[in-house]
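Structures for review follow.
Two complexes, one shared chain (chain A), two partners (chain B, chain C).
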Partner chain A sequence: MIAELTREFLENYLSTDLVDVAMPLLGLFIVVNVLLGSAVMLTYAERRLVARMQNRIGPNRVGPFGLLQGVADLMKLVLKEDLTPRSADRLVFLIAPILFFAPAIALFAVVPFFDGWTVADLDAGIVYVIAVTSISSLAAFAAGWASNNKYSLYGAVRGVAQLVSYEVPLILAVTSVVVLAGSLNLQEIVEAQGIPFVLVQPLGFLIMLIAVTAELNRTPFDINEAESEIVAGFHTEYTGTKFALIYGAEYVAALGWSAVIVTLFFAGWKPDLGGVIWFGLKTSAIVFLFFWFRGTWPRVRIDQMLALAWKVLFPLATVNILVTAGEVLAMQALFSLEPGEALPTAALAVIAVINIGLTVVTLALLGRVPGLAKFDKQLAVPAEARA
Partner chain B sequence: MVTLAFFFLATAAMIGALAVVTARNLFYAALGLLVSLAAVAGIYVTLDADFLALAQFLIYVGGIAVLIVFAVMMTAQINRASSSHRLWPLGLLTGAATLAGLAYVMINTEWRSESRGETISPMVGDASSAGIHLPDLLFSTYLLPFELAGLLLLVATIGALVIARER
Partner chain C sequence: MQSPNQPNTVDSPDYDIEPVLLNLGPQHPSTHGVFRIRTLLDGEEVVDVEPVFGYLHRGSSKLAEERSYTQVITLTDRLDYLSGMTNNLAYVRAVEALAGVEVPERAQYLRVMTAELMRIASHLMAMGFLINDLGAWVTPLMHMFREREKVLDLFEMICGARITFSYMRIGGVSHDLPPGFDAAVNGFLDDFEERVAEYEKLLLENEILVSRMKGIAQLTGERAIECSVTGPNLRASGVNFDLRKQAPYEVYDRMNFDVPVTQNGDNWDRMWVRLQEMKESAKMVRQCMADLPDGITRTEADFFIRPPVGEVYSAIEATKGELGFYLVSDGTIAPYRCGIRAPSFINLTVLRELCIGWKLADLIVNFGTLDINVGEVDR
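Up next is the complex of A and B:
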């Protein structure tokens, strides 16, 4: 509706060809600027919320309730001197923050904000999400390596190990949703959700949530910038605008992944209650979850983190795909559907009941699997060192 | 527009490829490879092969390039490039042979073209749209090569584990 009105308005002044070019650019302009604004506000929101959880007050001086704190911080960072260490690799040092920021923004190209509101409605939308975000491990490594600082390099090495490990359960969790929806297109995945997939795929949702937390380098998985161990990890040497880019990219990426989680598991913009606002509220709720994690959990050790990815999440996600595929096949036989046809709500409800039961049983039994319960103690301090 | 995009991407791919072979710094070579592979993915987009482009990006840029970076990470004295170029005649020979093979295939292939009224079907589509479905092909016509590729990867993985194992 708004798109059509804008188009009519523009056609008064420009030729049709130009409007065809201008419309996507206008959409891009709006999306990118809303994102940057949100990232600035999210830095404030996180500080206030985490302060609240830790029984502090948080920033409350700049503007009403401190709302302009993010703007003030950004101004400070942009006006700061842009330092490059003398021994750094200048070119890569410059490219890394851009490499970091670009995929976070590019992620939003396929996010369906509302029915038909997508910048690029790709057939393989979810593959695009995974492909684009896979650059972030490279960006983190480039930043750490180019800084020529041992703490940066430690952070970078940790970051690459972490991102590569958690990409596997992440993709597998996404695959189980794709199997259910029968489509890679995010708009179609939203439409396939007669019941939000968080109920149909509770285990997939938990795996995805954990993997995304790791993918975003957020607490409890922020070991590649663990300030108590390695200063600030891969971005130790960054200052001014470049630091602002890296810092902002983390918030934009958090927003992006939350939007993807909402699309995959919380039925996206459905049910239609006030358009894009509903989608925004759901996304904010997921972002709040990430803030909540940070306010609640201490950081894990690197060996615990990698063990969790490979020994727990990876097998669970694999089994989850097999179970889901079996259920979809059974439902297709039961409701006599053509392969690829969307599952009716009744079929989804049956799968939901089975999967919720399976998830509860799995989570209850997980701690009793031999070998898993002990992974906390693997790097136990030797007896002689303890004394 | 598409032609312009093609030349832009092709130039980027060439520059990236040149950087791979000429850069003294191993990390720059890895970045050059990244640019080159990403540009090739872009060329796939101009050919309407969206899925292929995304797969190229996911596997080569997100996977292979990261693995190469891993290798760079483990390399001591990264800034000193390998100084021996004694094998260059062999390299030249291999390169020429590959180029000749590719050129032969390109010239002798009957390319489908929309301008001649032939339809170009998308490689993947949803079940409703007509098109060749990648999974159908992979699990029927090309099942043997597909399984062989899987076996090869398994052998490579086990081989790598055996070599890297601590004794």
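Up next is the complex of A and C:
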């Protein structure tokens, strides 16, 4: 409705052709600015929330409740001297932060904020999401390589290993949703969710959550910027505006992936309760989950992390797709649907019951697999004197 | 170029494998001060490690020769700045042994109590920074800081200082307990027992912590003894050696406490031993407060005390291991020689062999579990 009003308003001043061009640009303008504002506020939100978890108060000096802390930090970073190490590859060093930031923003082009509120309603929306976000691994590697610093190089190499590994279970988890919804279009995936897919695909959701945490380099998978090991990883050498871009991109990406998770698993903007606010709340809840991880968990080692991706998540996700595909075929036969027709809510409910059961069984069994078994928590006993 | 069967070292790397020589520190987020580790890495794997120290060298031993015996107490505060009380205690015990000064019973109890409180504070920091190194941002650290603050508050009540106490004096302690200390220390202990239970629940059952620490960097008891490792690191390797039990000083022989010992000698055990020692220390503090006798807290000794010509080595079980002072007196007011056996420094001996073959991420954790304090390493 707002879109129609705006259109009418613009048509008073511009020709219809120009308005056709202006409308998406206007949408883009709004989305990008809301995103940048959100990223700045998210830095504040994370610092405050994690501070609470850490028995601290957090930033509370700049503005009411410290709300302007993010703005102050941003200003400080932008005004800072822009340093480039003498031995750095200057061009790549300059391009990398932009390359890191752009995909995070571009991700939002296909996110359905509300019914019909999409900057670009692509039919292959989810493919676009995956394609665009994998650019960030290239950017991280470029940044690490161009810095000509050993810590950065280590961060870059770790980052590539991590992102390439976790891309696989991530895509497989997404595929199971696509199989259920019968569409690659995010808007249609939202509409297909008579029941939120988190209930229909609990295992897929868990795999997706873990893989996204790794994609975002957030704790416990923050090994490519592991502070206690490699200082700041691939962005060790970055200062000022370039650092602000990289730092901001991580928050925009967190927001973007949360929005994708909400779209795929939490029925996006549905049910319709007050427009885009509902979508925003769900997204914030997922973002909070990432903050929570960061406030509470230690980091896994790189070999453990890769083992988790290839030995646990990859087989699980593969089996999950097969099971889901079988279920969809069975439901199509049961409800006598045409191939490609959306599943009715009743069919989704049946699949949900089966899959929740399967997930519980899988998680219980995982604890018994050798090598993944619960570690021996029995405490050591005081020994006899030996010296 | 070396022959292939010779091991790679930091000084003569075999460039066939193209290792990376990485300088960790002295300015690095997890080198616990200004410590530098030259690391030779084959990918993520540690090939060789060389600790480089001296960035915090203040010449404490030499400074001690220029000061009277009483003045040296202030230098000892600054050795291991996370456990000033035990440093004070080790030094004044050496001087008392040299000069033959008796210590009143009440002062002995106060010394044991403050030393054990100090052990709690020091182990809290060791574990907090260790888990920080494990990547848990600073959440556990901040929670452990909270408990340490309370210990420091207690110390502030006793002697007015929070880090550099100089509480121990030759022949006793500087102040008696202030009014209201009884309630304060009991309040802290009640709270602390709950907190330790909480830490045990949160840390010992965390899957990531277990997988990062169990079985990593094992140190055998034999090797630990060969390298003169002492303190919790030694006891984690299955050697039941604690000066508080083996050579009791002050009133430790009257204390009722267990020495936690584990068999594996890995990172997990080193953390676990510290966690248990805090509980034992809390027990001892309670006992000290219950048994505290009346009387004076200090024998009158000359400010410019002149011990007879001679030498003495006296050691205590400090928070990080056996802290010993070797004093030589030439009959003047200042020690002729003041040697310090710093446990942090000697425990570093095993750092290299603990790290070789493990990952870069493990190196940081191994370093954390050894619980080094650079102030004590460099002196």
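Keep this in mind: the second predicted complex is superposed on the first by the 370 of 387 C-alpha atoms of A that agree within 3 Å, B and C clash if a C-alpha of one lies under 4 Å from a C-alpha of the other, contacts with A are read in each partner's own complex, and residues count from 1 in each chain.
FYI, a contact is a pair of C-beta atoms (placed from the backbone, for glycine too) under 8 Å apart; a residue touches a chain by one contact, two chains touch by 3 or more.
Keep in mind it's a predicted model, so treat the numbers as computed, not measured.
Enquirer: Once chain A of both complexes is superposed, is A:234 in touch with chain B (first), chain C (second), both, or neither?
Expert: neither
Enquirer: Mind working out whether A:219 is in touch with chain B, chain C, both or neither, as first, second, both or neither?
Expert: So A:219 only meets chain C here.
Enquirer: In the overlaid three-chain picture, which partner chain does A:154 touch, first (chain B) or second (chain C), both, or neither?
Expert: Touch status of A:154: second partner only.
Enquirer: Counting only touches as set out at the top, which of chain B and chain C does A:302 meet: first, second, both, neither?
Expert: second
Enquirer: I want to verify the contact counts: of chain B and chain C, which reaches more residues of chain A?
Expert: C
Enquirer: Can you list the residues on chain C that touch chain A in the complex?
Expert: Going through chain C, the ones touching chain A are 20, 22, 28-30, 44, 131-139, 142-143, 146, 204-212, 214, 221, 225, 238-241, 246, 258-264, 269, 272, 359-362, 364.
Enquirer: In their shared complex, at which residues does chain A touch chain B?
Expert: Residues in contact with chain B: 89, 91-92, 95, 122-124, 127-128, 130-132, 134-135, 137-138, 141-142, 145, 156-157, 160, 164, 167, 182-183, 185, 188, 338-341.
Enquirer: Give every residue of chain A touching chain C within the complex, in rising order.
Expert: On the chain A side, the touching residues are 50, 53-56, 150-151, 153-154, 158, 219-220, 222-223, 226-231, 294-304, 374-377, 379-380, 382-387.
Enquirer: Can you list the chain B residues touching chain A in their complex?
Expert: Where chain B meets chain A, its residues are 27-28, 31, 34, 50-51, 54-55, 57-58, 61-63, 65-66, 69-70, 73, 122, 124-128.
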